[in-house]
Structure formats: C-alpha cells, structure tokens
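After the structure tokens below, expect a handful of questions from me.
To keep things simple, chains are lettered A, B, C and D as they appear, and every chain counts its residues starting from 1.
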Amino acid sequence: MHNGEEEIPVIPTHQEVAADVMGRYQELGRRYWGWVTVLASLFLLGIVGFVIRLADGFDDRSNWGYHVATISFLVSTFMAMPIISAGLRLAKANWRRSFTRVTENMAVASLLIVLMVIPALAALPPLEGRMNIWFEFPLGAPNLWNMMSFGTLALIGISLLWTLALPDLAAARDHLPPSRRQRIVRWMAMGWVGHVRQWRVLYMGSLIMGAFYMLLYPLIQTLMISDFHAGLLPAWKDAILPATQVVASLQAAAGMTLVVMYVMRRVAGYDRYFTVEQFWSLAKPLLSFSLLWFYFWWASFITFWYGRQPGESSLIQFLILDSWRGPMMVSFFLNFLGPLIALVWNPVRRSIWGPALVGAGIVVGALINQIRLYVAAFSVADPTQHVLDPIPAGQWPGPPDVLIVVGAISGCLLLFMLVSKLIPVISIWEIGEGLRLVKVRKFYGRYLRVIAKSH
Amino acid sequence: MAKLLGLFQDPQQVADAMDELKKNEFPPQDLDIYSGSPFPEGTFGEHDPNHRLFMFPLVGALIGFSIGLLWTAGTQISYPMVTGGKPLLSIPPMTIIMYENTMLGAIIFTVLGVLFESRLPKRSLGLYDTRITEGYIGLVVDCPADRVAQAEKVLTTSGAEEVKKEEEE
Amino acid sequence: MYYRRTLTDAQINDELLGTVMTTPLRWVVIASFLAVILMGTFSAVGFMINQGLGVTGLRQPVFWGFFITNFVFWVGISHAGVMISAILRLSQAEWRRPMVRAAETMTVFSLMCSLSMPLIHAGRPWRIFYWVFPYDWARGIWPDVRSPLIWDPTAIITYLLSSSLFVYTALIPDLAIIRDRSTGWRRPVYGALALGWHGNPRQWKLQGLAGILLSALILPVFVSVHSIVSWDFGVSLVPSWHVTVFAPYFVIGAVHSGVCAVVTLMIVMRKLYKLENFIWEEHIDALARLLIVVATGWMFFFWLDLIYALWLREEQELTVWMLRMFEPPWSWMFLVFFMCSYVIPVPLWMFRRVRRSFTMMLWTSLLVNVGMFLERFIIIVPALMRKGPMTFDYATYRFSPIEFTVLGGSIALVAFLLLMFSKFFPLIPLWEEKEGQVLADSVRVGKLDVPGIVKEH
Amino acid sequence: MATQAKPSTDTNHGTIGHKWAMVIDLDRCTGCQACVIACQSENNVRFNEESAFHEGRVMQWIRVERYWEHVPTGKQVRDDRLAEFPNVKARFIPILCQHCDNAPCEPVCPVFATYHNNEGLNVQVYNRCVGTRYCGNNCPYHARSFNYWEPVWPESLQNQLNPDVTVRTRGVMEKCSFCIQRIRRATRGGGEVEDGAFDPACVQSCPTGAMTFGNINNDKSRVAELAKSERHFRVMEGLGTSPSVIYLKKVDGTHA
C-alpha cells in the first residue's frame, strides 16, 4: 500500500487551522448546553449521594471505600493525562500536537479531586499501631502533607495548562467579539504578543513544569496507595504498589485520552485533528502499558505466593483469590488480556475504533481495579492486627456509592466542557509549529513526507 | 529465457528505467532491483512483495508454549515430590517457564520466517555484481530471449553504466 | 536530530570495514594483553575447582558472595543492548544507527560471561549439566520447575539465543558486503554466512520487518530475564530480599548500568577504530539524556525499596539496613555506590557541555558501573550476614584473591570477545548507516535548515 | 491463578502413618553439648578444628545456641545490655534442622536434592546435590552446613565412622536427618513403630532427658503428649514454616 500520493494527507496552513478552531471555539450551540445540563445534573446527584454518606458520618470506615476508590480513579485518569502530553513533548513526538491541549485541559478536574480528598482523609483511622510512611514524626500527617501534595500537583497542572495556552488565549482575545467572555480571555492571555523572548520562556517553562509534574505524580500515587490502601491492610508490605499504580494510571490516562478523542470526533466533529495517526501512535504505548500492568501485578503476586507467610497468604486470599476474585478477573481481562489480544494486530491498532474500544475497556477496568484495592482496604475492621483474620467478604456499592462515582466523573467532565470554552481545546500554535516542520517531497518514484525535529 | 542486469548509479535513472520497461509490457513481477541499502518501498515503482511473515511467530509461540506446558506439568506430575508444602501442580512457576519457552519459540520461528520469506539461503548468486554493495543499483530483467535486445536498449538509454547478460534455458 | 556528514556507500564501506580487512598493531597488543589476563583467570578457576570452594571467602551464613554479585552485574550489563536497539528501533530514532549492533553484541557476550558465573560458583561444577538441563536419562529424575534456579537458566538461555539470532539477522546484509569485497579464504566463508544475499526489495522489506518484529518480541524477554534473576532473591525468605519491588528495581538498575556500559563501549570504539565520522557528540548526548530519565526512575524504585523496608518495622530487616548504611565497611561502600551511580553523574549530565564531552562521559559512565557493582554487592552480602536472630554464625564476608581475579577476568573476557567479534564483523551496521544517508533530508524554515528525515508512514 | 496459596499452618500434607517430630524442653537443657558430640560421631560429621570456627565453616547438624533471657524486675533497665544477674540469665537452645512442613529450603533447590518425604521428614539427597547453596541461604534456622573442603578424618579415627551413614564429599550441603538410618532400621518391618522403640543420637545422649522424639501422629506417644503442653512454642513461627521441632519453655513474667 505504498503507491504514494493519496497516502499523504493535504497539509493545511496555519491560518486554516486557526480559523477552523476559532470557529468551533466561539459557537455555544444548543448541543453544547445540552451536554452541560446533563453532566451538571449528574454531578448534582453525586453531591446528593455524598451528602447521604456525610449524614452517616465517618465512624463506619467501610462507607467511604467507594468515595476513596473514585478519587483514586480520577487521579489515575484525569490527573495523569497531562503526563501523556508532557512526556510526548519531551520525546518531541510530532503526532502529539493535536491532542496535547485536550489532555492538559483535563488538569482542571484536579480542583474537584482535591476537594474530594478532604472527607477521605477524615475517614482515615489514626496512625497509631498501623503501618504508614510517616514513621515516628507524624506532625500533622497524613492530612496536612496529603493536602499539600495534592494541592501542589493541581497547581502545577493548572499553571502548565495556562502557560501552554497563552498563545491561543491571545488568539482568542483577538478573535472574539467584545463580551464578558472576551474580557476574561483577555485577562487570561496576560498580554501575550508572541515575542521571541516570550516563546523561549514558554518552551523552557513548559518543559520544566512538565518535568515537575512527572516527578511529583509518583509521590501522589505513593501517598494515595500507602495511606488509603496498604496502611489499612495488616502485614501488607508490597513495595511495588506505588509503581504499579503509576503504570496503571498511565495506562488509564492513555485509554481516557483515546476515548475523549473518539467522542470529540463523533460528537463535536474534530475529525481532521484526531486522525488514524493519533490513534495508531497512541495505541503502541497503550499496548506496552498493558503489558507492564500485568508485569507489575505479577511481580508482587509471585513474591507473595512463593513466600507464603501467613500474612501474605491471607492477603492474597482477600485481594486476589477469594473475596475480590470477580473484580480482579474483570480488570485482569480489561486491563491486560483484552488489550494484548486486540492490539497485537496491526489492523486493529491502525484504526479509529480499535484503540478507542480498547481504551474504553481499560478505563472501565481501571475503575473496577481501584474499587477492588480501596474498597477492600476500607472494609478491614482492625488495621492494627498482625495477620488479616477474619478475611472480610467483598462489598457491593450502595445507591449513594453509585451516585458518588457517576457524579464525580461527570463533574470532572463538566469542568472540562466549561474550560474548553475559555481555552481552545485544540492547541493552534503547536499544530502550526508542526506544520512548519513538515514537507512533502518527491522521492524518486513516490511522494513521501519529510519530518524535521527542532532542538 | 534470459536475464539482464543493468548497473545504475542514480536511483532516479532506475525509477525511469522501471517506468520505461513497464511501458514496454515487461511484466512487473519479472523486474527486480538489487541495492546496497534499503530504499523506501516503491521508490522505484517496483511491485509490492507480499509475505506471510506474521504467521511464523504465532506458530512458533504455539509450539513453544506446548513444549513448556508438557515439560513443566509433566515433570511435576510424574515426580510427585512435595517441596516446601507447595501444591504438586504449582501453576505460577509453570507460567514463568511456559512464558519463556513461548517467547523463544516465537523468536526462533520469526528468524526462520524472515529467511524463508526473503528466499534465503540461496546456493549461488547467479547474475550479480559486487559493485552493488558499493552503492550501485542493479535492475534485473527476466525476459524471453527475443526481447533481450529491447530490454538492453531501455536500460542503456535510461543511463545504465553496464548491462550484464545471462542466458538460461 | 543533528546535521549528518554525507558519505557515499563506498566511503562507508572503506571506513567501517577497515578493521575487518586489516589487522592494526594496537589491536594485536590489546588482544594479547587481554589473553594473558584470561589465562590467569582460567588457571585461578581451575585451582578453585581442583581445591574446592574453600579457597573463596564464602562461609556460613554467607553462602553467596562475589560470584553471584558478578552474575547479577553482568546480566545487568547485558540488558542495555536490547534496550537500546529494540526501543530505538521501535521508536524509529535516527540516532540509533551507529550503536545498535555494538550494544547487541555486548548483550550476547556479557550474557555468556554471566552464565559462566553460577556454574563455577556451584559446589560440584562437574555435575552442573544435571542442574541446567532436564536429565531424566542421567539419574531418573527431572529438575524441579518450582525452583527459581530453574527459571534462571530457562530465561537466560532464551535471552542468549534470541539476541544472538537478532544480531545475526541484522548482520546478513553486511556479511554480503564483506563477501563482495574480500578475496581468498574470506570470500567463501563470508559467502556462506551471507546466505546468498542479493538486496532486492523483498529482502530489504523483510530485513526491516525483522528489525521491528524481533525488537517487539525481545523486549518482553529482556524485561523477564532480570526480573527472574531478581526473584532468585525476591521469593526467598531472607529479610530485605523478600521484597516485591525487586523485579522492576533490578530491571531498571540493569538498564542504568547497561546503557552506561554502552556509552563506555561507544567511546572506546571511537578511539580504537577511529570512527569519528559515525559516532558524534549528538549520539552520546542523546544517550546521556536517556540516562538521566533511567537513573531517576531507578532512584524512585530504590526509594520505594528503602521506605518499605522500614514499613513493617521488622527488627531483622532494620538490622540489615542499619548494617548496610551505617556499619563500615558497608557504610562507605554504600556511600561510594550512592555517589557513583546517582549523585555525581546525574547532575553532571544536566549540562550540555558534559553530555557532549567524550572524556567526561567516559568517566561518568565507568563511575556508574562501579557504583552499580557495589549496589549488587551490598544487596546480596549484608542481607546474608545478619539473617536471623541466631547468635552463633554472624559473619563478615571477605572476598578472596581468587574471587577478585575472577571479577577482573570476567571484564577481560567480555572485552576480549568484543575485540574478536570486531575483528571479523563490523561493529557498526553499514547498511543502516547507508539507509540513514538515503533518508536524510531537511526542511527550510526561514533562514534555518532544520534537519529532517524521510518518513514512510 | 487457580492454585490457592495454602495457609501455611496446615501441618501434615502427604503424611501416612508416621510423622516424626521432636520436643525439646528448654527448662531442662543445661547446654552440656552432649547432643552435639553424639550427633557428630553418629552421622560422620566432619571434625571442627579451631580454624573451622575462625573461618565460619563449622560442620554441625545440631548446635547449642546461647542467649540472654531478661527477667523483668521492678527497676527499669535502660539498656538490656546493661542488665546483670539475676535480671538476666544465660539460656541454651539446641538448634537442629526443624524439618519444617513448609520448608523454605525445599522448593528453591533446582535438582530435588532436598524434598519432603511422606513421614514429615525434610530429607537431603547428597548425590543429587550440585551445591548451589540456595537452600542454605533460605533456611531461617541456619541448620545447614556446606562442605567447602573434602572432609578428612585422622587415621586413628577411620574405624570410628558409622557404616550406616554416607560420608559426604566436597561441594554438597548437609544437615540433620533426624538420624534417618535409625528410623529406617526401626520401620523396616513396616507397620506402626511403638513409642520409644528408638531415638536419634542426640535424644539418646541427652543426660537431662530434655529431648523427646517420636511419631506425633500417634496421640498416645510422649511427643504428642508433651507437644500439648502450654509451655510449647516453635522457633520463628511467624514465618509460617511450621517446624516439626517443638520447644517447651516456662514463660516467666511478661517476657516471651
């Protein structure tokens, strides 16, 4: 399938892209408001569920399992999405350009997540007598430190988004008719004119902040898993867990990116930005993440299975083989087996529906897996015992739990919808930069693309 | 049948020669190109070689997996000796060994597949020129003896430095 | 990306086949020097096998010492090869071209070296084949597949075979080049090895596919190998060994030390064989950037290992870590390891000037590998020294001269094998260099010519 | 993942009839080392000259460990090492192969040189052993010793060697076998061996009768009786190895 010309898509100009994106950005149609109202009402329902739980109070920890699981799910999808774009930017991948902004816009979800962490911390038992990484000087741990680190991560994420959006905000400022929205945008653009110096600062700043985000994220996952999961399970000495969580998050984030791109193609008609190239290229890391997901899980499983000390055996029974076997198997299929079987086929990888479908499965699997980890941990009555005994049973969600899960997710999406009318959801300047570095050349018998990489 | 080998220095000339030959009803599957380094597919408008390489690793993986299964399960069952209170048929250790054997089978068969699909090994080089690995590009034409002259003409006119001929019956 | 020198195919052949076609004096000198060291090592090992393991420093309860450390170390080194070539092939990074084969061959040879370590460390080496291979015919019983020491050979042999095939497949086109250039006895030999390669589009296409497919298949193997090595320790009950994080921690540590070994190798090659036209600052620079990421990831796992060692407050585990970190000689070893493998090199690599200076990179990469050897030593020995509450057999392990000789010998062995390989085969893939020349292009942006690459998809 | 990680507490898998066990009453042990000597002469264990102790290459199938027992008193002792008699007393505990049911040393051996037989014994097969020494690493009790050198006996003692026991060669691992040669002789006829019919060398030689050996599956045996005592404990029980050697110790005060 090499016979040349038709394989090369026509390369649009910077102006075309700008005009098109600005057009979509400007219009606030009925469909848009429809989606917003649906998400908003779901979000309100979530708040109702949350209030019901709040009424029961924090004495019964097992009530809050699903709430915490939801937080972890949101952290491992929306909060991890900026990492995808930051990493691809560091790797100078050209195909990233059209969806970096989508992933960065998701960073606003962290506002909601940070709010949700507060009650979760309230539900935690005291540190005394149970394992924790705060060792002998709690000094306001875990609450203070958790809030601080979550807050910092959210801050970095949003400032990263803002910085990288400046040129497009400027474009919007010049493009929008005078209105309140335009005034907000003008303020946000902070008088960006695109001076050479400004660009250089933008590049450096985005690189540095991206690096910080990537360095801080594993710490957040470590806090999550050690304070809210491992610390509540007796004798659960699983040093790999934070890393496992990071890998799972990257996988879920990539999956979520694919899903969002697919939906935006279908609903908002962004076909020309999210082409097969994006799906195909993102499917490759997705496959490797899926393999790593299994690898990390297996590394801890084989160690415990072989060690077979009483504490280990009981926890394997609890989390994998007995009480939570169902969720384990489902997420095992959705996060590892399914993606592996589907994505090894190039035809599937090199399509729109394939990666999107796998991504959707992965997102669901991630949710179930987080539920397995955190609800299980919260259902343990006494974290201070030496060996988990008796082994608690699995726990289905109650109506409030369902409301919380659905409401929180739709709340994050709502924030995304809202912010994408302030910050263009497609990064015009990055696409423009990419277009400048591409040319089509006649290579003897056929036409080929030449892609240049700037330093 | 006869065989011609035209030696070119400029890839562009080869591409032109190919077009010219195709124009003169030389069937594409009778044209072949020898080059010292890979060019993007279709650089010379040659016909796309089809292959079934991707079947090989699958078959290999299957064979490797079954060998692993046979070995691990078989030895554990036929020598029922308890060690460390582990179950007599311990699946996790079996998984590791079966995995390794699967990958080994897949890789060995891939290499075999590559050799088979690229029609290697060949006993003799046949019509060939050592300058090809020095940067020349060879254009090979398989044609009935009566069209040799025409083919040679096309090759020389489009810039072949030398045309080698070989008669086959 | 970088501005590449433009070379004709003939030039590439001349420069890269120089060592194959001729035998420079310095090559003879170095090879014979290494050969002498190897002789010494072999006699030392022979003495040990003849006398018994008493000549080593091993003692209760430190049943594993220098040899196992060395084994882990060399398996670690062997990981860079595939890491570099496979990952860079899959991501189609242009700067991979000059380093893939050198890295892969180093994988093969260091793997052979590491494989020899457990064999000579065994109590009765003359019975070793009963261990590694199914041996029903020998004594009516098969190996116990539940033992990590069976997983080990399975994984390593898989890895060894795969990487050797990997090297050979990519070598075929270059063998054809040597065949075409050489005369006399070489011609038939290389002709046979080249399998009658013509270089028609079909063969090239499959050559390319083989690169991608084999990389994709070998990557999971490479991850599994060092994980399985780590499970030798991880699945045991020894305090501070029985840790779940060991698998990825070992793997990424292996990549860290391995990539550094590749850097060392590249720089030495460049000096020894005058490859200035092919190995440039840009390559070392790219490797160094990669190293910053790898080293930092490795640090994360090290940190996890540490905090979760304290996690349960188990007295035995704490004693081991106390021993490692605060009791000489382990404390200073720990300090050296930590300094060498992270604290000194990584900040240096932040500077472009350092990344692009061959001398600096040579020394920092060597430093890292010193550190990584000590890391393995510190992981293995102190954990065994203070294993239990039993008072009677505390022990301080001191390696004997024999063991030290074997360490030196193992380095000499790998170097010697690489030297021999480079005498008969080019260490830089010629055809990949030529391909790079063909695909090189640039895009003009204003006054600037941004170097680019022709992409097929 | 179908295999269930068995809770390590189940004791007799694959056990028919006999399951040999030992009870050691630490309150009777005087640390006289008679058991050590008896074991060495019974099982052809190589001599340990002083150098062997310096090198840390002692060959012992049973050793007497000395530990300090701290008796809590009214006055607080800041550091246990500063405690003195009568607050601290020297105690002895004979350590031999514990013949664990979930023995950590067994599954790590690549060549089945050590495995669990159906009488609850952790047996060592010398001529299978290739000397990877992994078992030695993985034994929490340090019950295994390795032949670094070819074992040699002075000329005068050549005839002292026990003909029922193999003389090990260099490069193999060895450990207590519960005097399996005596077990074999006793069980040769088949059927149940009555209690006290025979004893391992160490038990036989213990002057204070601190050690008892027998078939714990037989409830009427002395071992089974003593094992029921409320003084009983097993070394490093937290590891879940479930040893066949049971120690008896009167727990005074709050200290265990």
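Definition applied: contacts are C-beta pairs under 8 Å (C-beta built on N, C-alpha and C of every residue); 3 or more make two chains touch, one makes a residue touch a chain.
Quick caveat: nothing in here was measured; it's all calculated off a predicted structure.
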Show which chains lie in contact with chain B and also with chain D.
A, C
Find me the chain with the mean Cα position closest to the mean of all the protein Cα atoms on display.
C
Out of every possible chain pairing, which has the most C-beta contacts?
B-C
Whole-Å gap separating chain A and chain C, where each centre is the average of the chain's CA atoms:
35
What's the distance between the Cα centroids of chain A and chain B, rounded to whole Å?
43
The distance between the C-alpha centres of chain A and chain D, rounded to whole Å, is 56
For chain B, jot down the residues that touch at least 2 other chains.
39-41, 44, 79, 81, 83-86, 90, 92, 96
Multi-chain contact sites of chain C, meaning residues that touch two or more partners
141, 143-144, 146-147, 150, 220, 235, 237, 454, 456
Shared-contact residues (touching 2 or more other chains) in chain D:
1, 3-4, 6, 8, 102, 104, 107-109, 112, 115, 239
Thinking of each chain as a vertex joined to the chains it touches, would you call that graph a line, ring, star, complete, or other?
complete
Which chain B residues qualify as touching chain C in the complex?
32-41, 44, 46, 49, 51, 53-54, 57, 71-72, 75-76, 78-79, 81, 83-84, 86, 90, 93-94, 96-97, 99-101, 103-104, 106-108, 110-111, 114-115, 117-125, 128, 130, 132-135, 140
Chain A-facing residues of chain D, complex
1, 3-9, 102, 107, 238-240
Within their complex, chain C touches chain D through residues 52-54, 58-61, 63-64, 118, 122-124, 127-128, 130-131, 139, 141, 143-144, 146-150, 232, 235-238, 384, 387-393, 395
Counting only contacts in the complex, chain D reaches chain C at residues 55-58, 63, 65-67, 95, 104, 107-112, 115, 128-134, 136-138, 140-142, 145-150, 169-173, 236, 239
Where on chain A is chain D touching in the complex?
301, 304-306, 308-310, 312-314, 316-317, 320-321, 386
